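Next up: the structures, one after another.
After this come two complexes, each holding subunit A, first together with subunit B and then together with subunit C.
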Partner chain A sequence: MLGQIRTRLGAVVASVVLLQLLTTFTGTEYYLTQLTMSAYYGLLVIGLCALMGYAGQISIGHAGFFAIGGYLSALLTTYNLTPHAENSAIALLNQAGLLFTWENLYGESLLTFTPWAAALAALVCAALVALLVGIPVLKLRGHYLAMATLGFGTIIYRMALALPILGEADGIADVPGFILIPASLFGGEALMISGEGDFRIFNYYVAWAVVLAGLVLLMNLMTRSRSGRALRALHSSEEAAEACGVNTSRAKLQVFVLSAVYAALAGVLLTHFKGGIGPEEATVMKSVRYVALVAVGGMTSLWGTLFMGVGLSFLSLRGVFGSYDDAVFGLILLAVMLFAPGGLSQLNSHIPWRRLLPYRRA
Partner chain B sequence: MLELYQVRKHFGGLRAVDDVSFTVDAGCIKGVIGPNGAGKSTLFNLIACNIPLSSGTIRFDNREIQRLKPYQTAELGFARTFQNIKLFADMSVLECVMVGAHSKGRAGFLAGMLPLPQHRREEAAIRRKSMECLEFLGIADLAESPAEALAFGQQRAVELARALAAEPRLLLLDEPAAGLNIYETAELGRLIKTIREQGVTVLLVEHDMSLVMDICDEIVVLSSGRKLAEDIPSRIQHNAEVIAIYLGEDYEPAR
Partner chain C sequence: MSPELFFQYLVAGITYGAVYAVVAIGFNIIYNSTGIINFAQGEFVMLGGMIAITFAQWLPLFWAISAAVAITMLIGALMELCCIRWLRNPGILQMLIITIGVSILLREAALHIWGEGIRSLPYFYGDAITAWTFGPVRLSPQVIWVLLACGCIVLALQAFFNRSALGREMRACAVNRTAASLCGIKTHNMVTLSFVLSAGMGAMAGCMISPITYTQYDSGASLALKGFTAAIIGGLGNSMAAVAAGLLLGILEAFSITVVPLAFQDAVAVTLLLLILFIKPHGLFGSSEAARLKAF
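Up next, the complex of A and B:
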């Protein structure tokens, strides 16, 4: 089992490197931009896969958590605190190193939260919201979570669209780069998560490092830990899991919060990479798309979900589906539910070439 | 060890369990029998804390347990099997049994994501314990098979192994012989006796008379939700009221 995971991880790392070299040598490095963005969507869908595929709890509101992460880090890193600099609380934050001064595209000098502080705040906020939504809902069985998260996602979308501070229909633009390695550390230029061309290859690897780290953590949890077994157990019988000593409400809440944090982290990093976020990221259609990606990825397959999540997001970002973008994902969801409601891994015995697919269960 | 005191459960106007009191002593095998609709399964679910009581108390080691959640009773040392087998889909037999040992572990969610040495040792211990349970039931060779793909009798054995992996103090068996043939039932009887010898108290609800009469130290007979009799098997067999509800009032016991 462990050997198999290592082999696959090695294969994924090798293909990531190969793709980069290929684009560099063929002069098509612009593909890396969409591949980076797709990797972040991949992070979101593997988190949703843990919730949906393994623990059996459906969320149709994960775009909401993505938006909480993205919008909050965008707001905190662009909201100019200079007029309030004299305020003692702001001064205190500044002294603690949580604020920094930078110049935006128009040469204005801004005093804002640092990306690190903003990201932390965004993740904590997403976790708390997930806790608030999850506590009442996860005590119930069945599809209550799907309904509640649908409502939650709609609220977040309307807020993004209506609140002037979040830029209404325009969203928030001109978000600064997320400096990961400061210039002072190695003497060279600072390395940051940013859409600027100079950082393209660096960003591509950062995104994949984050996604694969996230994948390994979930793999450990699901395949060889007590808590992961408990989640898979309650998926098939909550009653039997309880009788084995599993606190099912708590376990469901934990995995819900975890998957919300994955979504929020994807939102934070993608927002810094794109330099902004708009309300289209918070739509219910996005949430449905993520559900479709988990379903087509094989439901209980983190590898399959990552492969499909990244692959289809990439095609979508390249505009391959044209104006049928949302329809394609709707169609995928429909087809999976009709022909393989348990996930594509269910089809194993029918497809002779299936060994070539990454659907086998981890 | 386990005391039921004036336990009642009403569903609307139906008195499914009506004023039932009895005790289960430590180290004993106690059986609950009764005709269909006598309230056996309801009583079982009340003891397992799956459904709330209407009134009365259930004590375990002198502690009231009726308001606990099922997972909390597992932490106290309860383990159970299900009448209609509930194994975990998408899991190997070994993994199913390892879930049974859930309350023996401590590792939390984050520890599960980062395989720290302490967590690995705990996993190894759970795995070892679960393998022992499979060996005890003679199904160690099935450890890696998908649990769902097994034959019915084997699935029953996996359920029992899962319950034993928790190292329970009280084992609750809900119609363990249902669907087993006479050989398998006799084998089950021997197993339950061995389990008791290891210090586990057993309470079983059962239809199969041969099993109950063979292994139980004491039997409670339920009829229409009420306790009709409580005695040792040999006397239950000759109790006129019990014979009347099972076989009709005109039945003359064989001399």
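Up next, the complex of A and C:
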């Protein structure tokens, strides 16, 4: 098991490096921008995979958590606190190192929260909201979570559209870069998550490092931890797990919160990378798309989900599907659930044409 | 608040509430026969409105609406035949996702057929400013139409489920599918019928409400959410309680405008939904003992 994981991890790392070299040598480095964005979507999707595949619950509100992460970090890092600098609370925050001063595109000097502080606030907020939605819903049997998260996602979308402070239909732009390695550390330039061309390759690797770290963490939790074993027991049979003393609603709640935090982290990082966020990231259709990506990746397969999530997001970002973008994802969702509910790797054996394929011993 | 305003809000609330109630009953019928929440329910409402609007260009209103209801019923039947019927031991999660997929496809098809524009059926009687005055209240005739139609749907369904042989067979399936099939009831056909019924009811509601709220390719989602909220408040599976719950939700929502901005009107329903799930998950009118016996 462990050996297999290492091999796969090695293969992914190798192909990530190979892709970068390939684009650099063929002069198509612009692909890296979309690959970076797809990687962040991949992070969200593996979190959702843990929820759907292991806890057997479905969330149609993950775009909402993504938006909480993105909007909150965008707001905190762009909202100018200079007029309130005299306020004692703000001064205290400044002394604690949570605020920083930077210049935006127009040469204005802004005093805002640092990206680190903003990201932390966004993740905590997403986790709290997930708790709030999850506690009542996950105690119930059946799939109430689907509708509750759909409702939650709708609220977030409406808020993004209606609140002036969130920029209404325009969203928030001019979000500063997320400085990971300050200039003072090694000398030279500071390295940050931002969409500027100079940082393209750096960002590509940062995104993949985050995604793979997320993947490894999730795998460790699922296979080695007590709550991971509880979850897998829950997945095979809720009643049996309960009889063994597993607190099923708590196990589901934990993985729901974890997946919400993954979504929020993807939102935070992608917003800094793109330099902004708009309400289109919070639509219900986006949430459904994430569900489709998990479904096509095979529900319980984190690897399959990551591969499909990154691949299809990349194609979509390149505009391959044109105006049928949403329809394609709807069709994928439907087709996969009808013909291969276990993911593309396990086509339903009772489909007639399957019998035309060469005979294979089960 | 002046009494005039109070009654005006009340009437608006009851009008919307009646539509929510019909959508909620649609959820319940399918829930009873399959155990899933049909996410495409809102799309049936949208399709009913859209198809009727298209036919209304050539046909008298009555026939346009009849055609729309019939076509939507056909779509409902096709949805069940193509996507649910032939699955072997489908899981609840699997069926749920399938209905989500169908809802996306219906919505996208509507987008490509009718475009993004907002459309509406003409008022059935008079026009947008026609109003009848009843004491302190001014009523649009359309409101009467909505209430009449929804009332008829509810009564007809009640009669169908309680009196007709077919309705009793459907109820038998809802109670215990295996036992029903042992009694010689073709349970598969009952599931198809439940989709047809829900689709027809949704389409009817879509036609009735279209002159007041307009129809757009994506107007189904928010109606579905509210219908679902009504179904939960009434207790999933309990159609008559859904009527009371739908009216309650409509009225609460109408009065909420006095407190929260219009942009957050959807939030009222969702908050209510979460509250109910938190406090009394089996609905205001449902019993927790009965819910414990249910398979899903």
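Note that in this section the second predicted complex is superposed on the first by the 342 of 362 C-alpha atoms of A that agree within 3 Å, B and C clash if a C-alpha of one lies under 4 Å from a C-alpha of the other, contacts with A are read in each partner's own complex, and residues count from 1 in each chain.
Quick note on the criterion: contacts are C-beta pairs under 8 Å (C-beta built on N, C-alpha and C of every residue); 3 or more make two chains touch, one makes a residue touch a chain.
Keep in mind that what you see is a predicted model, and the values were worked out from it rather than measured.
Visitor: Should the pairing of subunit B and subunit C on subunit A count as a clash or a fit in the superposition?
Guide: Result for subunit B and subunit C: fit.
Visitor: For A:R229, decide between first (touching subunit B), second (touching subunit C), both and neither.
Guide: Touch status of A:R229: first partner only.
Visitor: After the fit on chain A, how big is the angle at subunit A between subunit B and subunit C, using C-alpha centres and going to the nearest 10 degrees?
Guide: 70
Visitor: Pick one for A:L105: touches subunit B only (first), subunit C only (second), both, or neither.
Guide: Neither partner.
Visitor: Tell me the contact category for A:I165 with respect to subunit B and subunit C: first, second, both or neither.
Guide: Neither partner.
Visitor: Is A:A89 contacted by the first partner subunit B, the second partner subunit C, both or neither?
Guide: A:A89 contacts neither subunit B nor subunit C.
Visitor: For A:L21, using the defined touch cut-off, is the partner it touches subunit B, subunit C, both, or neither? Pick first, second, both or neither.
Guide: neither
Visitor: With both complexes superposed on chain A, which partner does A:G330 reach: first (subunit B), second (subunit C), both or neither?
Guide: After superposing on A, A:G330 lies in contact with subunit C but is clear of subunit B.
Visitor: Any idea whether subunit B or subunit C touches more of subunit A?
Guide: Here the partner covering more residues of subunit A is C.
Visitor: Quick one: smallest Cα-Cα gap between subunit B and subunit C in the superposed arrangement, Å?
Guide: 8
Visitor: Would you mind writing out the residues of subunit B in touch with subunit A in their complex?
Guide: Answer in residue numbers: 48, 50, 69-71, 74-75, 78-80, 82, 86-91, 95-96, 98-100, 102-103, 105, 107-109, 111-115, 119, 122-123, 126, 162, 166.
Visitor: Which of the residues in subunit A come into contact with subunit B in the complex?
Guide: 217-218, 220-221, 224-230, 232-233, 235-237, 239-248, 254-255, 258, 300, 361
Visitor: Per the contact definition, I'd like the list of subunit A residues that touch subunit C in the complex.
Guide: For this pair, the touching residues of subunit A are 52, 56, 58, 60, 133, 135-137, 139-144, 146-148, 150-152, 154-155, 158-159, 161-162, 284-285, 288, 291-292, 295, 323-324, 326-327, 329-331, 333-335, 337-338, 341, 350.
Visitor: Going by the contact rule set out above, which residues of subunit C touch subunit A in the complex?
Guide: Residue list for subunit C touching subunit A: 35-37, 39, 83, 87-88, 90-94, 96-98, 100-105, 107-109, 112, 221-222, 225, 228-229, 232, 261, 263-264, 266-267, 269-270, 273-274, 277-278, 281, 296.
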